[in-house]
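Before I ask anything, let me first share the structure, which is written out below as structure tokens.
Labels for the chains are A, B, C, D, E, F, G and H, by order of writing; each one numbers its residues from 1.
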Amino acid sequence: MNVLAVTDEAREKHPLEDYLRVDRLPHIWCPGCGLGTILGAFLRGLLKSGLTPDKVAVVSGIGCTGRVAGYIKLDSFHTTHGRAIAFATGLKLAKPELKVVVFSGDGDLAAIGGNHLIHAGRRNIDMTVLCVNNFNYGMTGGQFGPTTPETARSTTSRAGNIENPFNMSALAAASGATYVARWTAAQIHQMEKSIIEALLKKGFSFVEIISPCPTYYGRMNRLPTGLDQMRYYRSNSVVRHGANPNEVGAGTNGQIVTGKFIDIERPYLPGPRDGENGG
Amino acid sequence: MNVLAVTDEAREKHPLEDYLRVDRLPHIWCPGCGLGTILGAFLRGLLKSGLTPDKVAVVSGIGCTGRVAGYIKLDSFHTTHGRAIAFATGLKLAKPELKVVVFSGDGDLAAIGGNHLIHAGRRNIDMTVLCVNNFNYGMTGGQFGPTTPETARSTTSRAGNIENPFNMSALAAASGATYVARWTAAQIHQMEKSIIEALLKKGFSFVEIISPCPTYYGRMNRLPTGLDQMRYYRSNSVVRHGANPNEVGAGTNGQIVTGKFIDIERPYLPGPRDGENGG
Amino acid sequence: MIKSKQNQVFVMTEWCKGCRFCIEFCPQHLLYESDETNSKGYHIVRMDDNGNCIGCEMCSMVCPEFAIHVVTADEEPEKGEG
Amino acid sequence: MIKSKQNQVFVMTEWCKGCRFCIEFCPQHLLYESDETNSKGYHIVRMDDNGNCIGCEMCSMVCPEFAIHVVTADEEPEKGEG
Amino acid sequence: MADKHEIRLCGFGGQGIILAGYIIGQAAAVYERVNAVFTQDYGPEARGGACRADVIISEEPVHYPYIDTPSVLVIMSQAAYDKYFPGISDDTLVIIDEDLVTPSDTGGHHVLKVPANRLAEELGRVTVTNVVMLGFLTAATDVLSADAVKKSILASVPEGTEDLNLNAFEKGFEYAKATVS
Amino acid sequence: MADKHEIRLCGFGGQGIILAGYIIGQAAAVYERVNAVFTQDYGPEARGGACRADVIISEEPVHYPYIDTPSVLVIMSQAAYDKYFPGISDDTLVIIDEDLVTPSDTGGHHVLKVPANRLAEELGRVTVTNVVMLGFLTAATDVLSADAVKKSILASVPEGTEDLNLNAFEKGFEYAKATVS
Amino acid sequence: MSDREHLEGEHFMSGDEACSEGAISAGCRFFAGYPITPATEIAERMSDRLPEVGGTYVQMEDELGSMAAVLGASWGDAKAMTATSGPGFSLMMENIGLGVMLETPCVVVNVQRAGPSTGLPTMVGQGDMMQARWGSHGCYSIIAISPDSVQEVFDLMIKAFNLAERFRLPVLVMMDGAVGHMYEKVVIPPLDKIHLVTRRRPDVPPGEYWPYMPDEDLIPPMANTGEGYRFHVTGLTHDERGYPAMDPEAQDKLVRRLVEKVERHRDEIIELEEDGTDDAEVVVCAYGITARVATIAVERARREGTRVGLLRLITVWPFPEDKIKSLARQVKAFVVPEINYGQISLEVERSVAGMARLALVPHMGGDVHNPATILEAIRQVIK
Amino acid sequence: MSDREHLEGEHFMSGDEACSEGAISAGCRFFAGYPITPATEIAERMSDRLPEVGGTYVQMEDELGSMAAVLGASWGDAKAMTATSGPGFSLMMENIGLGVMLETPCVVVNVQRAGPSTGLPTMVGQGDMMQARWGSHGCYSIIAISPDSVQEVFDLMIKAFNLAERFRLPVLVMMDGAVGHMYEKVVIPPLDKIHLVTRRRPDVPPGEYWPYMPDEDLIPPMANTGEGYRFHVTGLTHDERGYPAMDPEAQDKLVRRLVEKVERHRDEIIELEEDGTDDAEVVVCAYGITARVATIAVERARREGTRVGLLRLITVWPFPEDKIKSLARQVKAFVVPEINYGQISLEVERSVAGMARLALVPHMGGDVHNPATILEAIRQVIK
């Protein structure tokens, strides 16, 4: 017989509790939003990575995803919309001993923040970027953005999006990222493993995580609950490690190719010598 | 016997004179700068393209290259640093009958303006971007920028650039441009021909033109005169149409692969239907 | 909390938002949405007492609310009180 | 301007900045840097009168200053004065 | 109709509170042609946070658009009850969804109760709870005519849901007629 | 040394005018330990545009850092001559590079001439014209000691060019000694 | 014209929605923007409405691009606008400056939320009022207006476009989140009852056209792109031909004109609302939602026997300093409530020039003032 | 320490160069920037110098990124700065606001050129003075200082870093292009003669540390990243724990403190220079290069027998209104020359509050005032 304990106050400690600002839970994310699931995967990955948590800093921009910084119990920065990577670049260059993680949304990183993304990739700054792609701007109420699939509906494209979307993994790779992977929030184990790899990578690592936003994207595109979206991702994703990211876009009208696409070595900044400067 | 007429006031009319603001010549560019050469190629290409010049608008950002807008006798806009493409996007969408050309520098388009470049490429906005790549920020005195080759010297990298440069043609292609070509300013005829093709392309066309900046880049990198640089480009460039732009970067320490890399069709904005709206 | 030598699954009822992810991802299909609601009106997830929980923690890993977690029999620490 | 039935190459002396591009690019090697300077001190380009200008206009196309251009014999318009 | 009504609807996000407020305001402003201001308040959550809709309806121009003490208070969650009930005056007409709110101590204040949520479920769509409540409110008060509210509903709900919503309105309306003296 | 000198050097970009101004200013401020302010003016061109260097040297603190009427005017291009010559006073000492400037009408004003460009060419490097001019200026005026200027030159020129520059200085210096009474 | 082109009649809508409808009635046919609370609803409605009226909605990658695109569109002959809130407004500043310099008609709406930085995104503020005036580098003048009701949002959008076209500059509509998210009735008049200003066009042939040769009123006619004028415009200091002119004289001429084309037309631009200021001993000066909150305090104070007037600033910039000065000669004191630490009140203070007392009623934002606070300030200031 | 680490001694350098050296002497070890005339030389020298002293120079892709990187670096325990001019300053505004909100010590140098927009890139202006105060959205206070000589640039950079660390905010050094490009002697004292302020650190263990719990002086100690404090900071309105707090009460508490931590320390912050103001009948109030130009006019006026004082603003923000007020009670008039259409003069006008006459001497920029114009204003104002 299993025991299901419905607890409230005198409860068992959740295994991630030391790394969560429990006093801020429940979080503000909608029922069925994938963000909490991804946050969990990050924390588990971090703990398994062997990195010293106190030497890990998390930087977020603005958006539903950007709120992760406020729930993670590490040094964490909730900055301005689009500038997380730039802020993180300064943080990392000034204090190379830190592991700096940027955790933010598709709009934050690819719309307003697109320039910093490509330049950090180009410079191969030693940081990890976790990008939650929910195919829209959740925080402001579900407008389309640069990752919204063509024809998809949103609160500013009620007749269907007429723009061609970015393939974020391909963009990161084209910019120079040395580790690029894509997963859906439904791929619990792979996502976690990939996060570990990204965290341990020296150089610019980028993990795109496709996530349900039932409140807006899902509701407007025939996947009205988070569960619908999770099911969709579960049944439509295939794993193809090493696939050319240019050839495998992501959307909600067909197969989603996931996997580790890129894992190469290139000189990164701050280089080992920079780390020693320590002025 | 040939006749060399040294003229001053009562001179023959230069064939491009109707399209130049002659009252502003001589221009401010340095002796040996490639910008005038490229501007000439653009004007000849424009005239040969068959487009109605009065329906062509040129938009520049800020930089030595950005000054072209002030010498071209067409409707021309000298905007802010980095925003030429965004400005041009508004102009084109509001008045689809115009042919809109963005003519600007590598820093303007790939440093501060990088985000608009990739998003215009993604949307496949029907415009032509002529990007003069002189491997540095000429206007502000020769600092390195995102196209400066690694180890190259500049006024802010006297010990050699430690950053990895962008391959602008590859970036434009990755973003979604449907026409991408690279030439050096020394390839007079090809450059002109490519400009014609780009002007006639429906969709986002991007022509990267590698140009001497003797005053800064050249002087600091062992090619002290414009002529040195022109010679270098002449003798080190090869033409490889259809080459994968990702595989052919550009710099001044080796072969420069030039040619038309991409020429494909994709839906563009404003689409034919948008042009008919005319509200 | 009921002490046991089996795997224990804990639900923070006030955190649960009834998204059903845990229900979907439990390989043993042990979880279900109950009629009970919490103070926000969400239907709280409950567990079928007769199934066989394998302690895989999928429910916990997928839960976006950190509202469910599992203490497997082997990791259950000794405690003074039941 | 000296009228002729041959190709004519015009140089705007005040615009020339002595970059030597035209010299380099002239396939006939007809052009050279003279000792003359213009008011800015640039050495003005000059042409070897004995060479054979083929009217290819490379000099004009490569000139970054719009300081040199070519009127080929066949396009020379009729004009009232020499 | 009295000179001025200050109606507050409160509950949590997703219950249609905001839409209900809008319908009331539109009914007054467009269909009754009196002055109306509708303001809202909600937290950072897109779903499930506390939420409030305030409508002031008045013959006179409404300068100050906020409600200090509501004349009508409609409560659709326990949290909202705890927060807003203490702020009422003796004259406030309080309406609660009895399925969602258990009034702890009303201090002797008379509270109208309607099982709006349940009535909506009976119609097969819990999402029309707000419209059931609107029907109840319309019947239980002299704020607006049923006609105006119905017009406003029709102008506000998605195409294809008109009948459902009118039924919901009627259900609430009838419930009030049957239970409120 | 007089109380205050206002030295203007003018020509076009690329002639080393700015560096010359810097060398004078540094010689005064660091090696003569008097007050000096050096300001510049140039057009939008990176090369070849009009350019001007003004140095004020004074025993007193220099509040107002600009020159209205120079006490010494060094002219290295015709355009600069046309622009700045008219602004001199009777007391202004005018020095021109006679190869680059043809003084049209000096209005009787005595003008010192030096073939700085040619002297530099004799040294094989036209780029040291400015330093030749500095040598001339130093000898022809009582503004600065040769020692201070030489120190300043050594502190300012690229490594490996020290001798060339000192030679250029001497050349100008000697030329002045030989020609200026 | 289809029904959807001009929504004549009575509507119950939010300030944000009325903003969009006002724009469309004003002839706006281009919107470039980037979503931001609490201005997003403007973009959303524009994305629905513009295609219906043959216009273009484009969602740019950020506010930098949005503002630049608006300028481009204006030169493409469209009445063009964007809408944003504080953080986006900050990002637009550089290109608002370009708009001023190129003399580009357009409208920028800022639905103010509480700052600084991300602040309280969903909650009201009025903290960007000085930024509206001074947010871009260099010296220039600007026009900013501030509506206090949903109907007025509609009306002022028409005014904003008219001012923009008339004076050739970006006009700032400084809404606040309270007005933007408030719903009221809007009466949209028939189109032929709406007065629209059209762009002044050159009346000289292309060859003779100088894009910055002003008429007597200091405003130069504006040519269309693509019609053969072959004009050049630049953000550099320029002469009347539009050519860069790198000298202090050109700077003096240009910048003075840019400032004075607004200052000289203050009377034409400035719109105020006065209630009981004639014989007032205290004047409450407010704008936007705060003006409505203040009415309660004013009423109550009057009931207490104080002669209180209300001066509502509809035009905030150029600041109506003459009006304040003339009132200052007459009244004992001014009370200035605003949802910030004190911004417009500084201008009031400057204009009052010691002639009357002044009570600031700052409020940091997130909600509106408690009217009692304003009342208390009225009481104190006349003590 | 190698010779190159601290360039003690006498040097002849430009304002821009002195800016870099001052920063390095102040302990600055991080520079993120993007080139722009006339501030580029600061970046250039920093790119040479920082590697010599074990610091980091990074050239970002734009000014948005530069400002964000500076904030990040400051949280990474570096004294950090950027330098720009008008257009870049406009782009930095959003993240200057974040710096204010996160209470992040850093220094932003603006070498002002003539605007608006691209304006006259190589030529002097003082047109960003109000933008320094009001350029970011929302309400906050800022510190801005303005040097008038190359030596003072050096000195004020040290002061700027000290103020930034002391008050935990971005300190703005509002140079002008004239001072930036002017060369003068700089005496760099030995390092041990330079007073440096270091960041106040928490004296509580990590578990008890609240990043925004202020000390009595309203300034909260600042923890280092990577040392186990596990703090959270956000640009949202927040409580003392750094947690988002979406309510007007938190807003009131936070924003008031952000403003008042500066205002309350005005006496500690404000630095002025007075010459002959004691018995003056006219005071010329100026800053930066204009203060030096004004000295000539002042001298000449004195020679004409007028009792003229010069008040030089070294600190521009917070504005020294008390000083102005006390002078206003004594003098007949103020003369305010500045290289803009009138910015700081508005603050002077406000502070004077009608107690004295005021003559603005605006100058649009590109060059400095003709001293005769200032002299004439002095003559007129006392007529």
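Basically, a contact is a pair of C-beta atoms (placed from the backbone, for glycine too) under 8 Å apart; a residue touches a chain by one contact, two chains touch by 3 or more.
Just so it is clear, the structure is predicted and the values come from calculations on it, not from any experiment.
Peer 1: Under the document's definition of touching, what chains do subunit A and subunit H have as common neighbours?
Peer 2: B, E, G
Peer 1: Decide which interface, A-E or F-H, involves more C-beta pairs in contact, and give its chain pair.
Peer 2: Pair with the higher count of C-beta contacts: F-H.
Peer 1: Between subunit C and subunit G, what is the gap in Å from one C-alpha centre to the other?
Peer 2: 56
Peer 1: Using the average of all C-alpha atoms in each chain as its centre, how far is it in Å between subunit A and subunit G?
Peer 2: 39
Peer 1: Taking the mean of the C-alpha atoms as each chain's centre, how many Å separate subunit A from subunit C?
Peer 2: Each chain's C-alpha centroid was found; their separation is 26 Å.
Peer 1: Which subunit E residues touch at least two other chains?
Peer 2: As it turns out, subunit E has residues touching two or more other chains at 43-44, 48.
Peer 1: Among all residues of subunit D, which ones touch two or more of the remaining chains?
Peer 2: Those would be 17, 42.
Peer 1: Could you tell me which residues belong to subunit B and also touch two or more other chains?
Peer 2: Counting only residues that touch two or more other chains, subunit B contributes 29-31, 62, 78, 80, 82, 111-112, 114-115, 119, 139, 141, 146.
Peer 1: Run through the chains and report each pair that touches.
Peer 2: So the chains that touch one another pair up as A-B, A-C, A-E, A-G, A-H, B-D, B-F, B-G, B-H, C-E, D-F, E-G, E-H, F-G, F-H, G-H.
Peer 1: Which subunit E residues qualify as touching subunit C in the complex?
Peer 2: It is residues 12, 48, 77-79, 100 of subunit E that touch subunit C.
Peer 1: Quick check on the complex: what are the subunit G residues that touch subunit E?
Peer 2: It is residues 10-12, 121-122, 178, 181-185, 289, 292-293, 295-296, 368, 371 of subunit G that touch subunit E.
Peer 1: Which part of subunit F faces subunit H closely enough to touch in the complex?
Peer 2: 21-22, 25-26, 29-30, 33, 35-40, 42-44, 63-66
Peer 1: List the residues on subunit A that touch subunit G in their complex, please.
Peer 2: Checking each residue of subunit A against subunit G gives 62, 78, 80-82, 111-112, 114, 137, 139-141, 143-146, 155-159.
Peer 1: With touch defined as at the start, can you tell me which subunit H residues reach subunit A in the complex?
Peer 2: It comes out as residues 29-30, 32, 51, 53-56, 58, 60-62, 64-66, 68-78, 80, 94-95, 97-98, 102, 225-236, 243-244.
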